[in-house]
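Before anything else, here is the set of structures, which you'll find just below.
In the two assemblies presented below, subunit A is common to both, partnered first by subunit B and then by subunit C.
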Partner chain A sequence: MNTEFGSKKIFEFFFDKPIHLPILGDQPSFYITETVINTWIIMILLVVVSIILTRNMKLVPEGKQNVAEILVGLLTNLTGSSMGKDKLGFAPYMGTLMIFLVCSNLWGLTGMRPPTADLNTTFALSILTFFMIHGFAIKRKGVFGWIKGTFFEPVAVMAPLNLISEIATPVSLAFRLFGNIVGGMIIMALIYNALGSILGSVLPIPIFMLAIPVPLHGYFDIFAGVLQAFIFTMLTMVFVSMAMDD
Partner chain B sequence: MEITGKALILACSAIGAGTAMIAGIGPGIGQGFAAGKGAEAVGKQPEAQGDIIKTMLLGAAVAETTGIYGLVVALILLFANPLVNML
Partner chain C sequence: MEVYTGLVSFGWSWFFQVANTLILVALLFKFLFKPVNNMLKKRTETIANDLSSAETQRDEAEKLRADYEKRIKEIRIEADGILKDAKNKADDRAKEIIQEARDKSDDIIAKAQVEIDRQNRNAYNELKNDVANMAFMAAEKIIGEKMDDKLNEKLVVKFIEEAGDVKWQK
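What follows is the complex of A and B.
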């Protein structure tokens, strides 16, 4: 890796730079980012794996069908226990969200840019959560019940504050995921470059090149990534079920 | 030695980024408190360890949010500074 580490290079980490694909001649027609490419790779991977796991299903599961059943059962139980038994219909969405987020957060281990290290991805998912909260609240309680339950609780004077807190919900969801992943990515990039320049010249002990980044990858990519995927899904479930219940 | 406006803004942004990370104190206290209470709860009810760990991690990650906001502000000040273009 390049040992020179100016702010330009981190800038590229912070903002995913669009790549121009000249499909229509020289016209600046079609821009694509690394995030889009990696999201498509993850989507294809998930679709292929789920098709392989659910092919030739039998009544008595064996082999790969066990894996699929354990996964689906786990996510269904999680949804049922945190949203209530009457909202088990949310299990497919929540499970998909969790699997997609875990895969995208672990994508940093491959050395490529995780899709969740882009505000566009996290904001898209949190805006989906926002519309789910209010859409299902309106569906369950009616428009007047929704207005009363969302804005005029506990007293009508609180309406402006409640409005701000409703807008803050998706923003905080998106920034939590984005900040965690991009922070880990930048710290890992800084550490790799520091190791490259220090261990290359001042202190040439090769074992450190493995012993230092591996535990940090374990923390920033695996632990923080899985935890944040769990948190995002869990908060989505809690917000949606809270808006529907009270 | 003369100080240009851009240099002044860059220097102040670096100081601001460092100051924004003082927000890291809050999550530290909050997560420590959550972990302490979690340990207490496991001591009282060892059979409920799974639920306690799940709740504790959820609370700790929500407590981390303010620190992450500080980190995002610091990163924006360092790498995507909106103030430099205002000169």
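What follows is the complex of A and C.
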């Protein structure tokens, strides 16, 4: 049983001199974790499924083409209704984010580690959101408009609080997702451990693991996973469009 | 030995995940969003084209229909005119024929009347001559002698004429 809840290092190369990275500190080794490998698997799966779904597209849709069109239509409509019709250009990013998060959060069902149960993944996504919020705000309103709109609203004395709020945004986004998924993962691991240890020395097969975890998977993996994917995507959309609009 | 990162710790994964996210966005844009959106756009265009061409065709059909209706109306009017003309002509011709027949019959009757009159007059004249001769012969017998032909004949004829003209007419 995996009682170590950090991400497993799959490949690790040691260096004589530590590599210095400003935000990570000194790194004595270069490594690729389970999180990254699983993300690659998900990426390959998503790309392959996309290619299969959009192959031989016809003007009159049939079969798998309907699935692709409904999926893209749903994501585009969601983007349009939460960000406004003028920001439909964000649909591919937001749609990809949603698809990737749903797949990542449900990845725990395969028995592998969900990529979102790693702070590195959730922070990567939330930092991208952070840069999108401020990048598109500057692009839309100019540097002075952005400074005024972000920090000096409603009054100038609010600037320190606004600064904290802006920094808190990606942190809260990342930790909300990470906490939910890693929490579910830890609970499921503990439950499997517990179920396996019931009469563990008597029974040759841990039969209690058979059906009991199903409703818990339903809640922690499916319900919480889809919900958190939706929340992360919606918040990203709302933050970016708010920063652009006000 | 399996090596784990800390549960709440940053490492190389962060860079990988940023890159992975951006790469995935690009890949899904290329393989999912772009083809589907292109197809949707193409479909929208096709439907719009089809609708507008259908409308054009409908307008054309409507125009053709109106044209044909107009033409049919004209043809009907023309046909009516031709029929009326033909009827009038036939009526006229019939009247003419009747008139001709009537004229001819009148002519025939008139000619017959003339003939009858002529025959009548001939018969009358013959009868008159016969009567005059007979009266003359009878008078000769009665008197027993030959009458002076010329004088007597004149007398008889005059008599007959005076008596006869009124009586013979009936």
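Just so it is clear, the second predicted complex is superposed on the first by the 203 of 246 C-alpha atoms of A that agree within 3 Å, B and C clash if a C-alpha of one lies under 4 Å from a C-alpha of the other, contacts with A are read in each partner's own complex, and residues count from 1 in each chain.
What we mean here is this: contacts are C-beta pairs under 8 Å (C-beta built on N, C-alpha and C of every residue); 3 or more make two chains touch, one makes a residue touch a chain.
Predicted model, so just to flag it, every value in this text is computed and none were measured.
S.K.: Answer with first, second, both or neither: which of subunit B and subunit C does A:Tyr192 touch in the superposed model?
M.R.: After superposition on chain A, A:Tyr192 lies in contact with neither partner.
S.K.: Touching A:Ser172, do we find subunit B (first), subunit C (second), both, or neither?
M.R.: First partner only, subunit B.
S.K.: For A:Phe136 in the superposed arrangement: first (subunit B), second (subunit C), both or neither?
M.R.: Neither subunit B nor subunit C is touched by A:Phe136.
S.K.: Once the two complexes are aligned on chain A, which partner has more residues of subunit A within touching range, subunit B or subunit C?
M.R.: With both complexes superposed on chain A, more residues of subunit A are touched by C.
S.K.: Given the touch rule stated above, what does A:Thr33 touch, subunit B (first), subunit C (second), both, or neither?
M.R.: Touch partner of A:Thr33: subunit C, not subunit B.
S.K.: So, A:Met234: does it touch subunit B (first), subunit C (second), both, or neither?
M.R.: In the superposition, A:Met234 touches subunit B alone.
S.K.: Please indicate which partner A:Val182 is in contact with in the superposed arrangement: first for subunit B, second for subunit C, both, or neither.
M.R.: both
S.K.: Is there a shared patch on subunit A that both subunit B and subunit C touch, and which residues make it up?
M.R.: On subunit A, the overlap between the subunit B and subunit C contacts is residues 7, 182.
S.K.: Tell me, which parts of subunit A touch subunit C in their complex?
M.R.: Per the touch definition, subunit A meets subunit C at residues 4-9, 12, 23-24, 27, 30-33, 35-36, 39-40, 43, 46-47, 50-51, 53-54, 57, 59, 61, 65, 68-69, 71-73, 76, 91-93, 95-97, 99-100, 115, 118-121, 123-125, 127-128, 182.
S.K.: Write out the stretch or stretches of subunit C touching subunit A in their complex.
M.R.: Listed in rising order, the residues of subunit C that touch subunit A are 2-14, 16-18, 20-25, 27-29, 31-37, 39-40, 42-43, 46.
S.K.: Taking the touch rule as given, give the residues of subunit B at its contact with subunit A in the complex, in rising order.
M.R.: 57-58, 61-62, 64-65, 68-69, 71-72, 75, 78-80
S.K.: Provide the residue numbers of subunit A that touch subunit B in the complex, in ascending order.
M.R.: Residues of subunit A touching subunit B: 7, 10-11, 13-15, 172, 175-176, 178-180, 182-183, 186, 227-228, 230-231, 234-235.
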